[in-house]
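What follows is a single structure, written as structure tokens, with notes after it.
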Amino acid sequence: MLYMVNKSPLMYGSLKSALRIAQAGDPILLYEDGVYAAAQGAASEGLIREALQRHPVYVLQADVEARGLSRLVEGVQTVDYAGFVELVEQHHVVPWL
Amino acid sequence: MAQKVAVLMRKAPYGSVYTAEGLRSIMGIGVFELDISVIFVDDGVYALVKGQNPAALDMKPLGDSFPMLSEFGVTRFYVHEPSLRERGLTPADLVMEAELLDDEGVARALKESGVILPF
Amino acid sequence: MKIGVLILEGPYQHEAADTAYHFIKAALARGHQISGVFLYTDGVNNANGYIKPPGERNIAQRFSELAGQGIDVIACTACARFRGFRPDMLAENVKLGGLGALAEYIREADRFVTFGD
Amino acid sequence: MKIGVLILEGPYQHEAADTAYHFIKAALARGHQISGVFLYTDGVNNANGYIKPPGERNIAQRFSELAGQGIDVIACTACARFRGFRPDMLAENVKLGGLGALAEYIREADRFVTFGD
Amino acid sequence: MLYMVNKSPLMYGSLKSALRIAQAGDPILLYEDGVYAAAQGAASEGLIREALQRHPVYVLQADVEARGLSRLVEGVQTVDYAGFVELVEQHHVVPWL
Amino acid sequence: MAQKVAVLMRKAPYGSVYTAEGLRSIMGIGVFELDISVIFVDDGVYALVKGQNPAALDMKPLGDSFPMLSEFGVTRFYVHEPSLRERGLTPADLVMEAELLDDEGVARALKESGVILPF
């Protein structure tokens, strides 16, 4: 299952909650304001590093660029909208709105 | 075989329309040969709390509508037990019986449905 | 593959309708079919043909164009009444419809994606 | 006292417009004046006179009634264009206007309260 | 200043953030989904108990009733819309949306 | 004396319209004899990050507009320093210089303005 998270991690509990439910190996897609979770040096970095131990973690490129996020936590993979679609081809989708 | 759908309720009622519309969507699509389960996680568990009375808000109460979904053929209700506990609630506080699930149980319930409708 | 789409937020206030559009375009570019786009709750406002954003992206036009390419785009009738959205406001090729359309898009889809807040 | 009000969300999707209404009614009951109600971003949709919710509270009618009692209720013109909200949709006594109206409500008010999400 | 919080405390960071900024004595009004923070036995109870050490804490009655909240943390005061207006008479308002 | 207004930016840009409309509201009311300050707290500090480029979203970049508010007579910009730090950011990451405030400083800046507009 592809868990999709679109909220910033320091003001919203949705990433933490999604990670609690998602099973090892389930990919996590950070999109819209969710991409802030991949920022290096943020207080959420530990959460993402833990997530990377159990999940492939993706960020949506257009949302990363929009927000001027230049330094992403190592191991986080960038996908464009085509890559987003590819993830959806491979997995059923759980939008963690 | 009917397509399986999990309606995933994660939001609190009344502050926004999602609980009410999640409920309405179940009644709306439930008559069309879909195999629907309802999963309450995070603030979604508040939807099932007994004694809701939004009269002063001039809104309609939502809680008691969930048990009536059985009339639409919806009988599988799951509640994420940790979400309940973190909110100081027990199954006795809820308007209906529902199967309590742990984290893994919720993941499994989601996986059993190809389609997740989040509200 | 056939992919169904549900949108729960209106235009501009949240990114949901934008993300949905870019996702649908990319899905089409990869050769997929869209079983339908259902506009629910505030999502119906994405179908408002009177949207005229000076110098900005026109979100209603986007969905109208998708509908013009033969993709089913349906805005929820009941939500429309709640929001004062009348049939004459409908962007070209977008239609009003009930939750039966959503059920159909779900039944036909290999994948189903919801965009909201 | 004079109290100014700003509303940032539309009807039904969020409780903001409801809370604003109940607050305004209570403020009037306590003898206060409302310097004005400014409907901004999705808030403009609260002024849609075509809203017809079957069997539910009519949020547009509430603001129309307040406006009918002589309270200034203004929906942001630019936001309206972005949302396909045309002048003919305006609920009775509600008007379209620019941010100058908001500035005026702020200047005149002893207290100012914003309702949103 | 009257700090107004309308989000639930376990999924949103707004109460915590408001309490970080509000100065001792500033009243806190919990309304809309914010009223869940006053629930007895919830994981947020500690946060409210701390808040009560420094602030008068109010919940909006109509929102409490709507949500079926029957057990409120001791010390939290209930106000109706008239009481909400009274608080606004006494304080400038900081809506912590 | 002009009424003091504090525009309180607490939300991230692009995911929702609030940052853009907060900005637009400042330009709109700034011409009407109001004494406006802008306070960035929580995710609001993201509005000032350098290098924003929403071209692929077909949206307009917001960051560089804030320094231009001086043309509307708005010159007091405050950033909550803990919010910045928790996001792994430093003042060098921002499009403009702003006064850094601690918790108490933000409370004081809010208190100095009778009117708070939250976005």
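Here the chain labels run A, B, C, D, E and F in written order, and each chain numbers its own residues starting at 1.
We adopt the following convention: contacts are C-beta pairs under 8 Å (C-beta built on N, C-alpha and C of every residue); 3 or more make two chains touch, one makes a residue touch a chain.
For clarity, every value in this text was computed on a predicted model and none was experimentally measured.
Participant: Please identify each chain that touches chain A as well as chain D.
Facilitator: Looking at chain D and chain A together, the chains touching each of them are B, C, E, F.
Participant: Counting C-beta pairs in contact, which comes out ahead: B-D or D-F?
Facilitator: D-F
Participant: Copies chain C and chain D touch; is their interface built from the same residue numbers (over half shared) or different ones?
Facilitator: Same: when the shared numbers are divided by all numbers used, the fraction is over half.
Participant: Starting from the Cα centroid of chain D, hunt down the chain whose centroid lies farthest away.
Facilitator: Farthest by centroid: A.
Participant: Can you name the chain that lies farthest from chain E, using the mean of each chain's Cα atoms as its centre?
Facilitator: C
Participant: Using mean C-alpha positions as chain centres, tell me how far chain A is from chain C in Å, no decimals.
Facilitator: Each chain's C-alpha centroid was found; their separation is 25 Å.
Participant: Measuring from the mean C-alpha position of chain C to the mean C-alpha position of chain F, what distance in angstrom results?
Facilitator: 33
Participant: Considering chain E alone, which of its residues make contact with at least two other chains?
Facilitator: 6, 10-11, 13, 17, 32-33, 62, 92-93, 95, 97, in rising order.
Participant: So which stretches of chain D touch two or more other chains?
Facilitator: Expected reply: 8, 12-13, 15, 22, 41, 56, 78, 111-112, 114, 116-117.
Participant: Where does chain F touch two or more other chains at once, residue-wise?
Facilitator: 10, 14-17, 42, 56-57, 59, 114-116, 118-119
Participant: All pairs of touching chains, please: list them by chain label.
Facilitator: A-B, A-C, A-E, A-F, B-C, B-D, B-E, C-D, C-F, D-E, D-F, E-F
Participant: Residues of chain F touching chain C in their complex?
Facilitator: Contacts found on chain F: 14-17, 56-60.
Participant: Touching chain B in the complex: which residues of chain C?
Facilitator: Of all residues in chain C, those touching chain B are 4, 6, 8, 40-41, 78-79, 98-100, 102-104, 106-107, 109, 111-112, 114, 116.
Participant: Okay, in this complex, where on chain C does chain F touch?
Facilitator: Those in contact with chain F are residues 12-15, 18, 22, 56-57, 117.
Participant: Hey, which residues of chain E end up touching chain F in the complex?
Facilitator: 1, 13, 17, 20-23, 26, 92-97
Participant: So in the complex, the part of chain E that touches chain A is made up of which residues?
Facilitator: So the residues of chain E touching chain A come out as 10-14, 17.
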